[in-house]
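Here come two complexes built around subunit A, the first alongside subunit B, the second alongside subunit C.
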Partner chain A sequence: MNDMTLTERALEATEIKFAARDVQVYYGTSHAIKDVNIDILDKTVTAFIGPSGCGKSTFLRCLNRMNDTIDVCRVEGDILLDGEDIYDKKVDPVQLRAKVGMVFQKPNPFPKSIYDNVAYGPKIHGLTRNKAELDEVVESSLRKAALWNEVKDRLDSPGTGLSGGQQQRLCIARAVATSPEVLLMDEPCSALDPIATAQVEELIDELRGNFSVVIVTHSMQQAARVSQRTAFFHLGNLVELGDTTQIFTNPKDPRTESYITGRIG
Partner chain B sequence: MSQHILTAFDRDLESVQASVVKMGGMVEAQILDSALALETRDEELAEAVRQRDKAIDELEERINVDAARLIALRAPAASDLRVALTVIKIAGNLERVGDHAKNTAKRAKVVMAMPAINGSTGAIRRMAQAVETMLKDAIDSYIQRDAALAADVRARDVEVDQMYNALFREFLTYMLEDPRNITACMHLHFIAKNIERMGDHATAIAEQVIYLVTGQLPEESRPKTESVSDFNAAED
Partner chain C sequence: MTAESTNSGTSLYKTDARTKRRNASEARFRIYGMAAVGFGVLALIVLLTSVLGTGLGAFRQTFLTMPVALDAATLDKKGNRDPAEMAKVTTIGYQKILEKALIAELTEQKLIPEGMSAKDVGGLISKEAPAQLRNKVLANPELVGQTITFRALANGRIDGYFKGRVTMESAALDSNVSPAQLELADKMRAANLLGLSFNWGFIFDPDASELRPEAAGLGVAILGSLYMMIIVLVLSLPLGVAASIYLEEFAPTNRWTDLIEVNIANLAAVPSIVFGILGLAVFINFANMPQSSPLVGGLVLTLMTLPTIIIATRAALKAVPPSIKDAALGVGASKTQTVFHHVLPLAMPGILTGTIIGLAQALGETAPLLLIGMVAFVRDYPGAPPEGFLDPASALPVQVYNFTQRADPAFIERASGAIIVLLVFLLTMNILAIILRRRFERRW
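Right, the complex of A and B next:
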């Protein structure tokens, strides 16, 4: 049992990692994100909540330009990472995604060994100079993902042979291996059982010491458990952003209240 | 507030709140009956008040169990969470008021056997009526989610405190006049103190209503009268 007190949960960081200004996203003619302004703090877990189709995943995907891969998708406005526009022509999306890692809803390990799954990122980005360094990165990433003890004796086995929860933690280890500054998680626990979910949540809390984490979740209890700040999206608008405690005990906007209390909003 | 998608959630919330309102009604009757028994020297009524306290205690227990169940099974958030928390606290305050009424009835039975003290039981009953009205308004403000009415209840506690202080001085005078009054006056003083404490609990309930409606407990301290602990018999 973690005996962390409530005050320790309190928000300590104040440094802005991502700053989004007047962000609009269109899929063809449909206006998916409307005038979103948000600051995402460093070393903080920020949860995006909202009903299906509210734009929370779309907005998350803007943060590492995953929407570039969708032809009809158009992003307007400014998204600044450490003050620099990530949609600037000079920015290489591949380099950006090394800095802004992502974990998806379903675990999607490469059809390679456990070792290669984690080593892939550091290899293609040339982050290590020799095998010894690479081994070190693989081990520390697997340790950060709380998976090392379970897989250290079978690093050559295929990643796809692990259980669902282990696969998801492998994907987290893979995302962590490139030493990202931000970790985006799109419903990372929706395919996991409660034990694996608890392990991933514990991990998220530990990762907060090093990264800024943004998590999209349909489980409001999960948002309440893991995040320090919560943003509520509805119909493409950012309705309310605040300390998680405030959002869940005393939301300011009636739409937030309706959503988190399970009423017809 | 519109209804939950899960209708069973609404039923649970309504049921626990109905228990609180029912408990409020029972406790109001106890306040009035205990004071009436004292004034009319009705031993039977005093005994009935003592007997009825058990049902109030049981209702508090049920409210706590229901609220715990609500928290465990429904994971309430925001205003629903505040309902779950406030029903527990309000039930706790009502239970205390019930205890004070029971103690008043118990002392009333003792006082009945002694000579009357100069109209003081009438003053006690008026004080009890003021407290009962405060409690009734506090429960009404809860039902109607009326923070303004709750704030009014909170402001009225000072009047009850003044009544208590006046009685305190009065009893002190009677005791100084004739030491044979001391036993009755001590009991009457404890009865007055019981009723003054009931007023504090009604105020605490009103504060819970303000928290329920606004999400915040009132910040400014409520009006206070001078305290009897500053009094000194030698000064009079």
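Right, the complex of A and C next:
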């Protein structure tokens, strides 16, 4: 029985969620991402590591078209979500972002109540028919983000009044409330203390059961702890992509080795 | 080895030359700052004392109180109490009745001085008083035949005497008032026939002619200003906010938007009289809107206020942290949803402050209104909106200007009084701005 579930997982994990082909990103005249080809698997945590300014956050923001908000940013190449080009003219970024949720570096809850923070996504996407359903979604999202027990008695108090770690988990709850298929996390723990970081990491591991998670991180330990696959970016290039254990124990590229041993970065 | 000897030449207890210089420059700067603040406060105090000193008098007015017999034989010859018939009796008829009533009262109290003519005694009463009595009677014809207690405005010179503006010496040289009349007024005051009381008429009555400063009020001007503020608010807030949101959140950055931006900044700096000329050319001469109307005034002031509101609103929108926008976009909100659900509510305090500052600026604006005919002498109240927006009206700052243009010294007091009313309105608006800002900010 146990074995069967394991095989099922393994099968699912080979499904490709995102496929990027020859992706180029330009900020005005500067070439920020060069020829990136990457497959991101479903129900897997993929970590993007690399020194500051290597383009990992930029590439992450391409996956839900958050770069559209930057006027000078231009994306070339194909990024396919379940085989559909997300940069196709017919694609509305609003629908895409409902499928591909995002958690940002700094916790950024809305200056509204905890309840409204989580309920906002389902409300604007019309995911619930009535208040009871919405309550349910809010509760389950907060439970998924391991925040329910801490806030269930004060759902009406402002989200901005929570501690940093709680705020970040609230943002995760907000992101999962729209039941996305992919969750992008841009250095979600950089503003958190070690205890909150541990909580968020634990959470990421649980979320893997339902979503494909892509996490950008500066901490190699974190990448090693939470991810199954790791991609190393350097100067806008995807240098190496592989199983996390392989990247950290037996990197193929000398640049990857230099980075993980602390010689560049 | 002693403790001192371990110091290698520099002791923390001694200030070195460099630190002294730095401290001195800081002290100098503090003095400059305090001097600047002190100068500002002093200027404000001087301004307020001078305005309040001259203007407060306008809120108190001298009235004569006496029983007036409304003689049916003079006022309603046919005896049918028909207002249309009674309207044939002009103010001259009422003036005689008032004069007679005053003389009768004074004779009874044995106050009439030797050799004073009936005309001189009647001169104590304002020329406006008969008109007020006439209005009162026409409004209520049943009063005819009765004896009522009537509070008549005193002549402006008599009023000036009790406020220190007119003296026995100046009266001797004045053809409008004689020292004998002033003496009589003194006696009447002692007999409680005459006294000063709060002047509601100054706030609610319309303007009066040059010869009747005692009757001049701000009613039409306040109403005109109110109408204009309504028009400015209704037009400039939605237009300004919509323009700002588009420019700040939706417009692409290119040469055109840059051009628009520069022009908005320039518009904010255009002298207000230029807007007046524009209003005259476009609204009155081209669009044939009525002169002196609050509608034209409001439109001109709207043009003037828009840049202020746009600049303030854009600054408020810019100040909303981008992380909030990212968060909204990240959960799949559209641009419009992001703006209206998150950015606009957070920018609201700033927008409201900007709007109220713009309105306050518009409320105090005089120059453009002079050009579109609001400087005219208007005695009729404008009607109720919306038709009233087309009726001639005055405006508070223009009324101040008008008062200062008149010869009778009593108008100096009226002008300052009008300034006080204007300042009270401005202060109210600023307090409102602060309250609104607090309200919106306190929510989170």
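Miscellaneous remarks
Please note the rule applied: the second predicted complex is superposed on the first by the 251 of 265 C-alpha atoms of A that agree within 3 Å, B and C clash if a C-alpha of one lies under 4 Å from a C-alpha of the other, contacts with A are read in each partner's own complex, and residues count from 1 in each chain.
The rule is short, and it goes like this: a residue touches a chain if its C-beta (ideal position, glycine included) is under 8 Å from a C-beta of that chain, and two chains touch if they have at least 3 such contacts.
Being a predicted model, the structure only gives us computed values, none of them experimental.
Of the two partner chains placed by the overlay, only subunit C lies in contact with A:T69; subunit B stays clear of it. When the two complexes are overlaid on their common chain A, residue A:F248 makes contact with subunit B while staying clear of subunit C. The residues of subunit C lying in touch with subunit A in their complex are 252-253, 321, 323-334, 337, 341-342, 346, 443-444.
Within the complex, the subunit A residues that touch subunit B are 220-221, 224, 248-251, 256-258, 260-265. Only residues 1-6, 9, 75-82, 215-216 of subunit B touch subunit A when the two sit together in their complex. By the touch rule above, subunit A contacts subunit C in their complex via residues 64, 66, 69, 71, 94-98, 101-104, 106, 108-112, 120-121, 124-125, 158, 160, 171, 174-175, 177-178.
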